[in-house]
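Chain nomenclature is as follows: A, B and C, assigned in order of appearance, with residue numbering initiated at 1 for each chain independently.
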Amino acid sequence: MSLLEIKNLHANIGDKVILRGINLTVNAGEIHAIMGPNGSGKSTLCQVLGGRDGFEVTEGSVQFDGMNLLEMATEDRANAGLLLGFQHPVEIPGVKNIYLLKESLNAQRKARGLGELDTFAFMKQVRELVKSMQMDDAFLHRGVNAGFSGGEKKRNEILQMLLLQPKLALLDETDSGLDIDALKIVSEGINRLRGTDRGIVLVTHYQRLLSYVEPDFVHILYKGQIIKSGDKSLALQLEAEGYEDILKAAS
Amino acid sequence: MSEQHEIEALVSRDYQYGFVTDIEQEIIPPGLNEDVVRLISAKKNEPEFLLQWRLDAYRHWLTMTPPTWAHVHYPPIDYQALSYYAAPKSASEQAEIDANRPKSLDEVDPKLLEMYEKLGIPLHERAALAGVAVDAVFDSVSVTTTFREKLAEVGVIFCSFSEAVHSHPELIKQYLGSVVPPGDNYYAALNSAVFSDGSFVFIPKGVRCPMELSTYFRINALNTGQFERTLIVAEEGAHVSYLEGCTAPQRDENQLHAAVVELVALDDATIKYSTVQNWYPGDEFGKGGIYNFVTKRGDARGNRSKITWTQVEAGSAITWKYPSCILRGDDSVGEFYSVAVSNNYQQVDSGTKMIHLGKRTRSTIVSKSISAGRSQNAYRGLVHIAKGADDARNYTQCDALLIGDRNGAHTFPYIESKNSSAQIEHEATTTKVSDDQIFYLKSRGITEENATNMIVNGFCKEVFNELPMEFAVEAQALLAVSLEGSVG
Amino acid sequence: MSAALPRAIEPVELPEWLRAALSQPVTASLAPTGVQTLACEQILSWGLPTARDEEWRWTNLRPIARLSATSTIDNTASPKTPATDLTAFVPNAWVIRCNGGQLQPLPQNLPAGITITPLTEASEADCAAAFAPRAQGRNDALVALNTALAGDGFVLDIAAHADIQAPILIDWHDTPHEANHSHTRLLIRLGAHSKATLIEATPSSCSNTPLSTYWRNAVSVIEQGANSQLNHINLGLGDYQRLLTDRSFVHLERDARYRSIHIQLGGQLTRHEIDVNISAPGAHCDLLGLMMPRGKQVMDTHTRITHGAPHTTSNEHYLIIADDAGRGIFKGRILVAQDAQKIEAYQNSRNLLLSNTAEIDTKPELEIYADDVKCSHGATIGRLDDEAIYYLQSRGISAANARKLLVTGFAQEIIDALPYPELIAHLSELIGAGA
């Protein structure tokens, strides 16, 4: 059974049709990259999979780990093992990071019928992660993303991912706004999640991230459809030739 | 998904302190005139100076009119329909017989002890919260004060107001009305005429009060006004942290609570006054609830003195209160931290006044309001820098959070400066709980209800941080309960 | 709120000359008879507002009560500084001169799209529209007074789709005049998709002539049709003895944009009020202002913006620079009505207090009855930055010049919003000279 199976997915925002029949299958152990120019529907796809209000699915289905994803509430999707890494993580002043991490980890454990992790073990795990992301412990006591730089926000997303160990990570433009050092740290984090029992979908505009996280498959999204799929060489081709030529060739 | 619906469902939980204690009470007949004032004074066996003080206040009150500037609406109060004194019979008789004698716990009616247990305020010292001394005020009288011997060892006086009138008349004479004069405003004048009981705290020179002091106010009787009076004096270099809590039964009638709190801080003294106000707010249709018309003012009289007001206002049908600081001493500091949450038909008009008179005086105001249901929630504050307040500083932050689209959130700051070296900064925002924030937290597996609670708590964090530990926990729980049904 | 410090409040009685004027107003006012009679009764029973009236808590109208019965303007006194004609700084303006409230001959050859009709010649319907805003209580007593006594004014119509490039300059040139007070009323209407710039100057000649006191109490009604755009510039310059109270009622239809820039340097007592009613989606207003009270000047601005429709925005920015024994007062209210969602409103009150005998009072207010809003306000009162003065001094600039530079710099963000470079330069100079 595949981890994620998107069949003929159509979605609108208001009257505007954004997704026009997406088909995509992700199996455990695979890394997929979805690339496309601005306005191709990349972020919409992420938001629809994340369960955001304001999008209307008009056709198609999405199976996640054997469940009908589209019928699940956002928090249930998260607790079932889907993690959405945001392009623009929102700032939530006053709510400490440490508190968010604890709440979400315990929510997931509860969903799996496990008890709450004891504070000592939790803190140990979190501290190690903070260190591995080259962040300062003080970050844990700051408000969620409040006053963070773009790079700090993205590192925070990856840190949450590593703590929650999702079955499928769906990372929306995680590389945007990162300098080269931060990009390396983030990539290392993503590579650490890689494993035979997990899937990762990278949604990105550029090939840059893919030099550090090697994808098994690359898809090109254009006008709400995947118009071309291939292996990592497709990303390199894209980088060399630009979208225009490939779009021309595909149409 | 209907977030709105879930939010609304969350706000409507029942008031859990709404029970009535069935106890034999002595209540004087409704009505207000000079004889009633004399009767109250006589019941407390008061010295002549205090009776005269009350009568003067009463006569002044007759010439005044209720304030109309607040953003609240209620039918005129019939002051002749209220009773101005109610006391459990046992306590009342005792007070009459011997107001001078401190009450020991053995003499307290077991029914009262039971009630306070039920409210989570155990009065037996062995069961009491460690490190918190409690004065329990039931309707018009103080029932008991705990830990008094332990406090007396270091010279701290903590007793009911009536008792202090007898045991320390010179202190009462010196400080009563010195911060809030009897004619200060309509409700303060009324209180000065008919106040029944309250707490008195005196921290002598150089003493750091060894434990938190706390007064627990409980309204029980029907159609009775509660008019308590609290006076806290911290002498040179003294420190005290004082907590105040309040509840009332659930009744369809509105009840009036018009208290006065006066704080005096001499040189280098610090007073921290924290309130968790949870008077009965009325039902979901706006019926019943307490009218909470309170005058609280601190006089930072001494140089380098400091007064901090922290309040969590969750209850009452109408709240009208502006805990204030007169920063008279040079280098004195005033702080006001407030969370005011309103739901259903509650009306809040609350804030503070910072009057900078001394040089290098500093004040900080952090006000967080959360309005849900059909409530109206207004911040009203005054920052006044007098001519002589060289290098005074004020920083004010007022944030309002809206939950639902049938309520109001208002900000009315008055800022006045007469000194060119002063610096004043005021910021205010009004927003709703953002869908983006809720979605982010939900995408991390957190339910909408928890997500909203997290956001609201985060919103209030700066204020909760100022509360003593035990109160901070209580405040968070209270916030969740108050908003239940309004948040998803 | 109950003042912590006692505040002596004595009632301001209507002065005898005002009572006298009110006893024979029917001939004086252009308002419809019923409206005029009611206003007359109102003002006689209310008197002038006092500090007890919330909207007047910081501004005392006693100087009005103290005016002598007749104007004692001395025309023969030679001005200390030569008068400057403002038209020099506003190129190609259509100038409308009003002396003591009386409309002087209209400029000839007004371009197509502009129509000016004196109220005395206006239709009944236009008069009714000009007097539509009514006083709701003592806070609005001056509106009632204007309604009772307004004897001069006109209707200015900008035709639909007209794009009037050159500004229309109203020169309130209140010099020799028999009475000590005048009450003017304007109705300004912009047709759909039209665009215009209106400049009001009091007076346009920037002389520092020590005139005797004279009071003008003005009311303007501004109605903007869909997608219309009005730049409304108000310059109160020179003339330190004047009393000026004016109030504009602005009504915005769908997508209309109103922009007010108000600069007050002159006047003994000035009170500037703007009520903007944003009644349809897409409409926006910008209110910008600068007041510089010096000497014993009192300058007061009150604004009220009502967001009565969803998807509307407003932006408000006022500065006060108070020196000597001057007093500056700002109160701004933003009201968001129930169901007016998707509102963005920003309000900023920044103030400089330069002397210990000066005073600044500010009250930015938010009153919000809808939830999907982003509203914020900020207010600061401070002094010039010592560090900055020191830095400039270390570059060889004198302390006095450093102060001038910094004060002008503080005021610049408002001045720079003016559309005419010559005017910006002129005002910067005036501000620098005053600092």
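Note that in this section a residue touches a chain if its C-beta (ideal position, glycine included) is under 8 Å from a C-beta of that chain, and two chains touch if they have at least 3 such contacts.
What you see is a predicted model, and the numbers here were worked out from it, not measured in a lab.
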Exercise. In the touch network of chains, how many steps separate subunit A from subunit B on the shortest route?
Worked result: 1
For this session: Farthest from subunit A by Cα centre, which chain is it? Let me know.
Result: C
For this session: Return the chain label for which the distance between chain Cα mean and whole-protein Cα mean is smallest.
Result: B
Exercise. If you average the CA atoms of subunit A and of subunit B, how far apart do the two points sit, in angstrom?
Worked result: 49
For this session: Could you tell me the distance, in whole angstrom, between the mean C-alpha positions of subunit B and subunit C?
Result: 43
Seminar exercise, completed: Distance in whole angstrom between the CA centres of subunit A and subunit C is 55
For this session: Note which residues of subunit A are touching subunit B in the complex, please.
Result: 50-53, 73-75, 77-79, 83-84, 86, 89-90, 92-96, 99-100, 103-104, 107-108, 111, 143-144, 160, 164
Seminar exercise, completed: The answer for subunit B against subunit C in the complex is residues 67, 69-70, 184-185, 297, 322, 324, 326, 353, 355, 380, 382, 384-387, 400, 402-432
Problem set entry | Touching residues (chain side subunit B, partner subunit A) in the complex | 1, 3, 434-437, 439-448, 450, 454-455, 457-462
Exercise. What residues on subunit C touch subunit B, complex-wise?
Worked result: 1-2, 4-5, 54, 58, 338-339, 341, 351, 353-383
